[in-house]
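Notes follow once the structure below has been shown.
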Amino acid sequence: MYQQKDFVLSVEGLTVSFDGFKAVNNVSFYIEEQEIRVIIGPNGAGKTTILDLICGKTKSTEGSIKFKGKELTKLREHEIVHAGVGRKFQNPSIYEDLTVFENLELSYPKGKKVWGALTFTRDQAVIDKVNEIAEMIFLKEMLQSKASLLSHGQKQWLEIGMLLIQDPELLMLDEPVAGMSVSERKQTAALLQKITQDRSVLVIEHDMHFVEEIADRVTVMHQGQVLSEGSMDHVQSDPKVIEVYLGH
Amino acid sequence: MLQSKFKSLTPRNDVLSFVVLAVLLLVLLPLLFDIFRLNLIGKYLTFAFVAIGLVLSWGLGGILSLGQGIFFGIGGYAMAMFLKLEASTPENTAIQSTPGIPDFMDWNQLTALPWFWEPFHSFGFTLVAIIVLPAIFAYIIGAAMFKRRVGGVYFAIITQAIAAILTILIIGQQGYTGGVNGITDLRTLLGWDIRTDSAKYILYFVNAILLLAVLVAAQYIRKSKLGRLLVAMRDSEDRVRFSGYDVDNYKIFIFCIAGIFSSIGGAMFTLQVGFMSPSLIGIVPSIEMVIFAAVGGNLSIFGAVYGALIVNWAKTILSESYPEVWLFAMGALFIAVVLAFPKGLAGLYETYLQPKVDKLLDKKLKKDKAE
Amino acid sequence: MDNKISPATMKRRKVLKSLLAIPAAMALAGGTFGSLAHASEVNTTGLAVTDDTVKVGILHSVTGTMAISETGSVQAEKLAIEQINAMGGVLGRKIEYIQEDGASDWPTFAEKSKKLLVNDKVAAVFGCWTSASRKAALPVFEQYNGMLFYPTFYEGLEQSPNVIYTGQEATQQILKGIDWAKETKGAKKFFLLGSDYIWPRTSNKIARKHIEKLGLKVVGEEYYPLGHTQFNSVINKIKLKKPDVIFTTVVGGSNVAFYKQLKAAGIDLTKEKPLVLTLSVTEDEILGIGGENVEGLYASMKYFQSLPNDNNKKFEAAFKKMWGEKSVIGDVTQAAYLGPWLWKAAVEKAGSFDVDAIKKTLPGIELTTAPEGYVKVHPNHHLWSKSRIGHAKADGTFDVVYESKELIEPNPFPKGYQ
Amino acid sequence: MFADYTWAELGSIFAMQGFSGLILFAVLLLMALGLAIIFGQMGVINMAHGEFMILGAYITYLTSNLFADFLPSLFDIYFFIAMIFAFIGTFLLGMLVEWSLIRHLYKRPLDTLLATWGLSLILQQLYRTVFGPREVGVSLPDWMMGSYALTDTIEIPINGIIVMVITFVITVGVFLFLQKSRKGKQARAVVQNRAMAGAVGINTAKVDRFTFALGCGIAGIAGATFTMIGSTGPTSGQLYIVDTFLVVVFGGAASLLGTIASAFSIAQAQSIMEFFLSGSMAKVLTLLAVIVILMLRPQGLFSLKVRK
């Protein structure tokens, strides 16, 4: 028990099967406070499924996910969010028909019940917070544009911004730099450095340079199972990992 | 500034639309038409209540219900039950074997009023029922479906099937419901004869004002954060869900609102037309109601009103002059709406007329803009 | 209701009529009546009557699911109007009709009734088919004091001063049919089957009461939703219960399905084991079912196309001349044909198109030229008519195998049958 | 209710009732097969499905008149030729509709609902204008209409057997087509991943048109078959539409096996309840049961569990 107190997230024995196919098979790992953890692995290794399981999008078949001592597998999606877990999807998922401002505003942690949403007013606190986040994600100038007009990279940032405004304790990012130009990628890395300071982060990424840049620890997955775990150097020298990557 | 919204949603345009519609409904139409036509318009407008509800649930929320006739029927039947009880005084029904109960019950050998009819002696209860019953019913359907993530096409087909079931039930339980004939021969409301021309005028205005009130409510919902959330859900439901919203509740809420609006329309239908029957509940009327919203433009609450008016008007005129071709015309209209102008009348307005209107307004309101 | 007419008006009208008769009109009128009065006196309530025309309305479904059934009525009404015009019209005025489409939608019937009465000011309306459409339109006719001639056999339980019911109400159609089945065929056990709405349910109620009164037995009673097309289960039930008579009130598309499936299940109607007695299959319906599928079926109604009297021969010939050799005439079609003739007789007897005037003259109006034979309007606004049983042949026509001796009194609120 | 009957009687009634259930199963399945392709595979909500069926029925009617007038000697087998005509006719109309209407709407499934509803109104009025508002009687050769006495008390309707045989053949045909033929594989590929299918050289427009038309053609065959048991009029098609959609949805839209299972369970449930209850109540209860099950299991009876 004492051990869990140090961990923000502890995943134990997590398994999910789709019609008998075990997409995630008996996976366990632990994330500490302020840690940046990156999950890597070939396509189909079960990385995204892990995130789906943590945020409640997919229900696990077996195992437990504890977030600050709270069992997440029993909670519904929005309760998991309220518990302090934020998640960014692989494809930027934002509200194309709304402005950037409105996109951010909707993620502001107020008026999240039906009645609250009906009576929600846009007060100065909201406006200030949105401006602050917009500044951070390089979209200050775009606040009144429709989100559909943003570039791919800007959409990624916007989604990250939408998470930041909720101030989650655990931030989960699914390929945050995929499809970005080199300069965007640099900006994103800086952004991540900045925002990860006071929270734990779980990232899925393919780009090894990027991983090296940000990761505290790395978990390598293969065929639904954890293949190796440790520092970047450690997993890079792990023969099992080498075999999987080179064997392909 | 930050308060500004989309161009298409600028309050200025909405205020203008609202004023134009109010003038049309409250001044122009009553001046232009005799009470017969005006009463017909009143009838068409009761469908506009449903169409506005559909704009909120379908247009904004992406929830297409093919069973809005259910709610139209709940309101319509609630009102009809009250009026029928009032019409079935022991004096009026003296020739029956059991005087004092509605005539169709007597024909079906009922000798006492069924328990669920009893509360409809009270006008207050009836008014509450018109709002609360559809909300409860919509909540049950919505909770059952949305909590299990039934959506889109499935939801449409299931609501359609529910409308079909309800029709079969009402027709089959004729002793309690009046069966396929519906509840007819309604005469007075709290002693006030609703069949006279003056009553019809008054009812028309009550209906029009209620409609405008519903429009204001719809506008409020649309402009609130909840309205933006619905749009957001349509774009990316998961993102909303993982931003900490219980998405299902929002869907249930808006479905309930749409149901309540429809129910008010149904009640006003009964008052103005003087009867209610299962033919307004089933699959065909329910789909037609969707079509009113589609013709108006499924994103525009004002368009919904015009859609209901114009489609019904066309139906009446065409079926009077060319009974053989009106189905062709209706069919062609629906296809045209989908293929040629998917945003409906509102879309046409936005593309062609609104820029001009904006220009005009801009000129006049330059001073206002200076601040 | 303000149906009353002041005695003063009545008196004035009579005086005027006798004084102002225009002799020249005699020739025009073709001798069917004696005088041609000025429009203002035969029409004191502002109906659409001019010196040489009078407007009436025809209100049936031309579109929608009911168009199937209502077409024949429209044709018959148009034929009657044409014939009346050829004879010189009504009170010397040609009938012009305004046709409206009820579109199988009950509110539309109410709406169009109102249009005909309020906007077009028609002197009479021939129309409605289903009870639901009549129930929807009825308050309109009562409120605006119009006159509706309603052709369909129906469940009764209604009697409005503003409607003439030219079809049979339920007891007229049912009682004699059951008597006949008992006496001629020795039937003891009945199975009642109907579509699920008010007419079949009321009819079966009356039938059940009567059957039980006769000391016979009802072994089953079943209803299927309108438009139902699967009857195998009920056919099995019928086989299990072994009734002598299947008494059916199935309507519309379901009829086609029912008889086809009955035949396929090995129940041969010509063997009469059991015998099938229907209230709802006329020559019109047989067109859709196919004569070979209903050969041997018995139908209880007041009219069959094959009635061998001269009136009917003339009517059939005229109908076919107007609407084509292949057209068939069912019970309702004939009843619809009576509407304009009854109205003409009542108007001419009253010497006025005023609805209040013809309300007074209608009871007691007789037609000796009706295709079904002699009919007479009862004070309850239904018709005295005969009960007949027809036996269906493979060519889609009926042999009339039974005809009540006397006219049966209409009894829309039958005591003891409710 | 069974007290007065012998076991033999009861036995034969239950046998016949079981057979009724099978016939109903065949009818529902045949109705739903075309839609299972159009709605289940392509995602097009074809509200005009009933009207396509009725077109098949009208073609059968025309063919029967043709044979009665010109080839009376072959009247006994006209029905099978009529079915082929019905297939061709509805197939061609399906291609026309896909080309003019549906292909613009693949990304907007709910809009297909509105457009095809408009189409169904137009078709209904077209039938009314051409064939008149009355139902037409389709005469069938005598051998198709009788019954076959299995024992003294068990009689099997011949048309029921024919419906079952036709349904069986069409179902197997559709199954083999989708699973084995090149065209069928292409059709499935397009459904599963349009972009990818296009990229590997499948002419997706052509495949769509063919698939849609095939669904319509099957509806035409169904319509032709139903002239044996149902009515043929301008609005007869509307009678089928709710049942048809429910069968497909209940089965799990994308699964042909599901459609079969769903038709079977709905048919048996309805048939059994009809025997013990009144027809109306049986219908209401069946529909309710289907809806409740769908609420508990929205993906239908059979569905592929996939990672979303």
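Order of writing sets the labels: A, B, C and D. Residues in every chain begin at 1.
Rule of thumb we're sticking to: a residue touches a chain if its C-beta (ideal position, glycine included) is under 8 Å from a C-beta of that chain, and two chains touch if they have at least 3 such contacts.
Bear in mind the structure is a predicted one, so any value in this text is a computation, not a measurement.
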If a chain touches chain A and chain D alike, it appears here: B
Chain pair with the most C-beta contacts: C-D
Chain whose average C-alpha position is farthest from chain A's own: C
Rounded Å distance, chain B centre to chain C centre (Cα mean): 37
Rounded Å distance between chain A and chain B, as computed from the means of their C-alpha atoms: 43
Chain centre separation (chain A, chain C; CA means) in Å: 75
Set of chain B residues in contact with two or more other chains: 168, 171-172, 324, 327
Two or more partner chains touched - positions in chain C: 62-63, 196, 223, 225
Residue numbers of chain D (touch at least two other chains): 125, 128, 238, 280, 283
Chain C partner contacts - residues on chain B that touch it in the complex: 36, 39-40, 43, 95, 97, 103-104, 106-109, 168, 171-172, 174, 179-182, 184-186, 195, 273-275, 277, 279-280, 316, 319-320, 323-324, 326-327
Footprint of chain B on chain A - complex, ascending: 55, 57, 76-78, 81-82, 86-87, 89, 93-99, 101-103, 105-107, 109, 111-114, 117-120, 122, 127, 143-144, 146, 159, 162, 166
Sites on chain B touched by chain A in the complex: 2-6, 221, 224-226, 228-229, 231-232, 234-236, 238-247, 249-250, 253
For the chain D and chain B complex, residues of the former touching the latter: 39, 43, 45, 47, 101, 104-105, 108-111, 113-115, 117-122, 124-126, 128-129, 238, 241-242, 245-246, 249, 253, 280-281, 283-284, 287-288, 290-291, 294-296, 298
Contacting residues of chain C [partner chain B, same complex]: 62-63, 99-101, 103, 105-108, 110-112, 114-115, 118-119, 130-132, 135-136, 138-140, 143, 155, 157, 196-198, 201-202, 205, 223, 225-226, 413, 418
